[in-house]
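You will see subunit A twice below: alongside subunit B first, and alongside subunit C after that.
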Partner chain A sequence: MREGLGFYVDGSGWLHRRNPVPKLLLLIWGVVAPFVFPPAYAFGLLVLAILLGLLAELGRPFLRALFIASALLTTSIIVINGFFFPGARDVLLAVGPFHLTREGLEFGLPIAARVVSAIALTLAFVMSTRPDDLMEALIDRGASPRFAFVVLSAIQTIPRMLDKASRILDAQRSRGLATEGRFAARARAIVPLLGPLVIGSLIDVRERSLALEARAFGSSHQRTAYREVPIGDVDRRLIAIGMLLFAALPLVIAGRLAGLIR
Partner chain B sequence: MTSRTGAFSMSQFTTSTLVLMAVAIAINIAVGHTVQNIIKLPVYLDSIGTVLVGALAGPLAGAATGFLANVIWGLALGVPGIIPFAITAAVIGFLAGWFTRRGAFKVSGGTRALAICALAGVITGIIAAIVSAPIAVVQGGVTGSGTDALVAVFRNMTDNIFLANQLQGFVSDPVDKLVTYLVAFAILVAVPVTVKTTFPQGEETV
Partner chain C sequence: MASIPVESGAGPGLAISSLTVHYFGRDTPALSDVSVDVRPGALVGVAGRNGAGKSTLALAAAGLIPRVVRARLEGTVTADGVPLGTSEGVASHVGIVFPNPHNQISATKATVREELAFGLENLGVARADMERRIEAIAARLGLSELLDRYPFALSGGEQQRVAIGSVVALGGRVLVLDEPTGQLDPAGTETVRDLLLTQAEDGTAVLCAEHSDVVLATADRVLVLDAGRSVGIATPRVALSGQALAASGLEPPTIIRLAELAGLGVDDPLDDEHIADALAGAAVGPDRRPTDGDDRSATDLGGRFAVRDGALLEIADLRYRYPTGIDAVRGVDLRVEPGERVAIVGQNGSGKTTLVKHINGLLRPSTGRVSLAGRDLSTIKVHEAARTIGFVFQNPDDQLFNRSVERELAFGPRNLAFSSERSAQLIDAALSAAQLQGVRSDNPYDLGYSDRKLVALASVLAMDPAILVLDEPTTGQDGPGVAQVGAIVDGLSAIGRTVIAITHDMEFAARHFGRIVVMRQGEVVADGTPEAVFAPGQEELLASTGLRPPLAARIGAKLGLGSTPTVDALLDALAVADAVVKPD
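Presenting the complex of A and B:
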């Protein structure tokens, strides 16, 4: 993971050129919608989500990340539901004492499709959106710059903190700390890891907040932006479409309750 | 910063609190990742940062940290499945702040304080389990982690999918939060008083 950019990959595809705000709006809709529509719709939404990633010229890295992120979870959803579905009778396959049931799969597969389509949309979003552009665009729309600071600062700190944790573990191992083997030995490894990592970070916080205050972080004056994130006609239209899509969700729920949508 | 303010007061969000929140989010992710995937222990330990913010800055700051940590974790590492659990994480952060005001992290309080801390950890775990189970069921009752095996065990014992997840939560969460609270207590013992009192609620952890 590159410093502070998370999953972002450079590109000039259609999705890269969009303003982050309509993208975020449509992402939220796309993650919520599969759970609002009846289970069978989930497969269609999954195909759409993967097509979107490919049309956005995210290509192979997108498919690889999607596979890595969803393989374990999907397997788990299908195995746990397929084999351990309470009260299921229709056995499709028997593996020793375990039975793969039709009821379990009918329950598990649409859920797997929903979760994978949510992962696909999230990846398409994070791979085509710089976190700092997202925050700048949200500030333009009235979000608090202090909130944006927390988010961006956290995203920048994560890779450094992961790096620091692995360096501390290496250092402690070289002094004879056991991080493999018996459970009790591994449990004892928590203290020599957390001590240096967390206490050191807490002490740094004080220094950093003094440095920020010295640079007028707490000032209530109007701020100007270093990066400008353009918003075009297409983006405005996408926001309108997003609003309409959200307005449609209650109708879908009503339709399902009335038995019109199955 | 010595005067005590309400649990919902926005005055918890000082500059030092905001810097602490960002660091705490990274601590949650780094410690959670290292403990689960490198040391491979069967606990999550992904809310130490959240509990520390709740303790040092206050309930609302703790809740905000937990919420943001899960959203950022999901977006930055491409695992959106954990984003809905932001609700649980927010509850954990809020409770940490609330219990701190009742002496859970009073490190000068000796054995009594440690007992309150342990109890607060277990209660937090039970509440976290109650909040989490319905969220897990929406996702098919699994998370893709080691706790899925427990779900399978409980599904063999009960006919109710929801109950299976609830039971799994009651086994995993109190233990995890108890360890988290005790670790946070140990950290607060070691952090210098001058650093703790930089934060709005730091006095409560002296």
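Presenting the complex of A and C:
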């Protein structure tokens, strides 16, 4: 991970070299598709998503992040459905009063697979794509530079906001404010924390906007870009494939409604 | 909005003529009829108390009023002959740099190189041209080694240099700065000062609002503002003299006082050598003896706060490693007796703040022990420790949230469950110690930055601490503000309280603190009286942590007078030397 670049991990693999636009297009498709296709397809997509992360040379950090991000969610989806699926009869395992049922697993596992594949694809995307490249690429495709600026500066400013919040909390604790323990004590700490945080952020925003003005931000000139984000033939083909894949989704829905796809 | 007529024949550089700025909703104008010309190659300083109009002048000079900051503007401002104020695209004629280094980073770029490109992108400069301009600017401004660094990871001084570089890169020949060194350590201040001199030598017109005499003394001319009006513009030696400043509430900086005392010619360069030479030849008898800085003596707190002994503070082999793996404090031993005044100095990142955060338990030692009156602090919660230890943070805006100064002061005593009678008494005492009685019902955020700093300090004083810890109490303060803080430090010490302050201001440290602790890379490298720490021969050690002895000490060392950390000490030594050389 590099400072200021969110979750990006340095690398030069195939996925790293792709233009962010086709990657984003395919990511969106990959998150939506498992919910469109019948449940069983979700497992296939999950395997593909994990393979993609590994092929992208994201390796261990990718798997670790995937585990951290999905373990709790997946476990709770499987446990709740597996043990508490309403009306389920086919008991696979009895733990005291709790019964793990086949119906529950059949319902829960595909949901878990969909969630995990969406997380895996998102991770593969954010770990292989610099946020500034993504924004430059989107601007190149017609997005507003102002929009890009807001998103990017938010990514870089979050750690600084957290720092500020912890400084404020330190300052107020030093003034005798109890922040530990009972709920009431914690609730009392909200105003002394949020007050300086909001006012301080407004002061920062004012200063920052003046500084941006001094750097001709928002000038009427046609903006140029210092970072070049190349778009190659492979990327163009991937965009075409992405379009086709999106076009296929309504067909899948129609097919499922007509009973042709199960 | 005022229209600014195109001044025909307005020359190169910055020309401000009869400028009046009136913010909406304010009774009095922020600036009245101010004129100043900055020719290419000149560095013009702007001095004045906080609230005198320096920032407003900077904003107007950079063409941000009224286009971005709404106000009524009369008069003319031109940069390189181009009228500013209403027209867009002034960024390619004039650049402005603000006090807070962090807030000037675009927060969208991963390297300094790209940060420098930010403005060029906005101006639509072709990519090949950008690369060339970035390289040229970096080489000229000494930023080449920083080009591939992450902007937020730089030190304050480095960030300010990048901020200067990123506006200079736009090609303007006029550079305006609003207190660019206010939040920097001494080494950072000097690098920025040097950069401004380089810019001026290269033919840029530089206008710099400042409190620091490090910058002001090197200016070609200094404009002094008082309550929005121009007091005058002259060389620093004349503009900042006691006589010229008499009406403005400012005191001459030490360098000017010594120059006056030494009878240094008005056209002589203002540097250590010339002042030392002139002082050596001048007779500094008791009759010519000025007061040291200002007449403010210790604020008498005895009648308002109880005389109370500070508690013994002991730090033994303290080490602290941040979760990121950085060893910020590496084995510090420190024993602070009740009633001591201790200044902790050292460059940014030397571990000063990390160290003092252990004094009230905000941080727990990785190893080692911190104890207060014999009790191990690791067993005491921060809000409990607040009964004994007051802690004032550097940025007042990290603390203030109430709608009146009085309520702000009441927050601490209420947390400590003081009786309403005691609270009321302490609030009055703290208000008068900080001379804030006149604004007790005001909203803190309607006050200027230096008053907000005093409110934050008073809000901790109202908790009646035995030990007061101050983190950079003088940053952003003007001369009288610094003197006010100094008087409070002296006053607290007189009633037995302990004061520990982190500071970058060596003169402040030498004058108000009996003990100086010098930190470098997480360790204490010197600890002693100002006379010992700022003694001749210590320069190298101090420089290794970004510091320089105060001016009086440097002059004393040059003249072979021994250790003279304050102006008083220097004058005493001079008087003794005089008496020896010329016995009556």
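Observations
Here is the rule we use: the second predicted complex is superposed on the first by the 233 of 262 C-alpha atoms of A that agree within 3 Å, B and C clash if a C-alpha of one lies under 4 Å from a C-alpha of the other, contacts with A are read in each partner's own complex, and residues count from 1 in each chain.
We take it that a residue touches a chain if its C-beta (ideal position, glycine included) is under 8 Å from a C-beta of that chain, and two chains touch if they have at least 3 such contacts.
Source: prediction; values computed, not measured.
After superposition on subunit A, the partners subunit B and subunit C are accommodated together without colliding. Of the two partner chains placed by the overlay, neither subunit B nor subunit C lies in contact with A:His99.
Angle at the C-alpha centre of subunit A formed with the centres of subunit B and subunit C, after superposition on chain A: 70°, rounded to the nearest 10.
When both complexes are overlaid on chain A, the residue A:Ile80 reaches subunit B alone and has no touch with subunit C.
Of the two partner chains, subunit B is the only one that A:Gly108 touches; subunit C does not reach it. When the two structures are aligned on the shared chain, A:Arg215 is found in touch with subunit C, with no touch to subunit B.
By the touch criterion defined above, A:Lys164 reaches both subunit B and subunit C. Contacts of A:Lys23 after superposition on the shared chain: neither subunit B nor subunit C is touched.
In the superposed model, A:Ile203 lies in contact with both subunit B and subunit C. When the shared chain is aligned, subunit B and subunit C each come close enough to touch A:Ser153.
Within the superposed three-chain model, A:Arg175 lies in touch with subunit C and out of touch with subunit B [touch as defined at top]. Superposition on chain A leaves subunit B and subunit C with their closest Cα atoms 6 Å from each other.
Where the contact sets of subunit A with subunit B and with subunit C meet, they give residues 149, 153, 157, 160, 164, 179, 191, 194-195, 199, 203-204, 208-209, 212-213, 217-218. Chain contact summary for the complex, subunit A toward subunit B: residues 1, 6-7, 31, 35, 65, 69, 72-73, 76-77, 80-81, 83-87, 107-108, 111-112, 115, 118-119, 122-123, 125-126, 131, 146, 149-151, 153-155, 157-158, 160-162, 164-166, 169, 179, 183, 186-187, 189-191, 193-195, 197-199, 201-206, 208-209, 212-213, 217-218.
The residues of subunit C lying in touch with subunit A in their complex are 59, 62, 64, 68-69, 88-89, 91-92, 95-98, 100, 102-104, 106-110, 114, 117-127, 130, 150-153, 163, 166-167, 170, 357, 360, 362, 381-383, 386-387, 389-391, 393, 395, 397-402, 411-412, 415-416, 445, 459-460, 463.
On subunit B, the positions that touch subunit A within their shared complex are 13-16, 18-23, 25-27, 29-31, 33-35, 38-41, 45, 48-49, 52, 68-69, 72, 74-81, 83, 138-144, 148, 151-152, 155-156, 158-161, 164, 183, 186-187, 190-192, 194-195, 198. Subunit A makes touch with subunit C in their complex at residues 2-5, 130, 132, 135, 148-149, 152-153, 156-157, 160, 164, 167-168, 170-180, 191-192, 194-196, 199-200, 203-204, 207-228.
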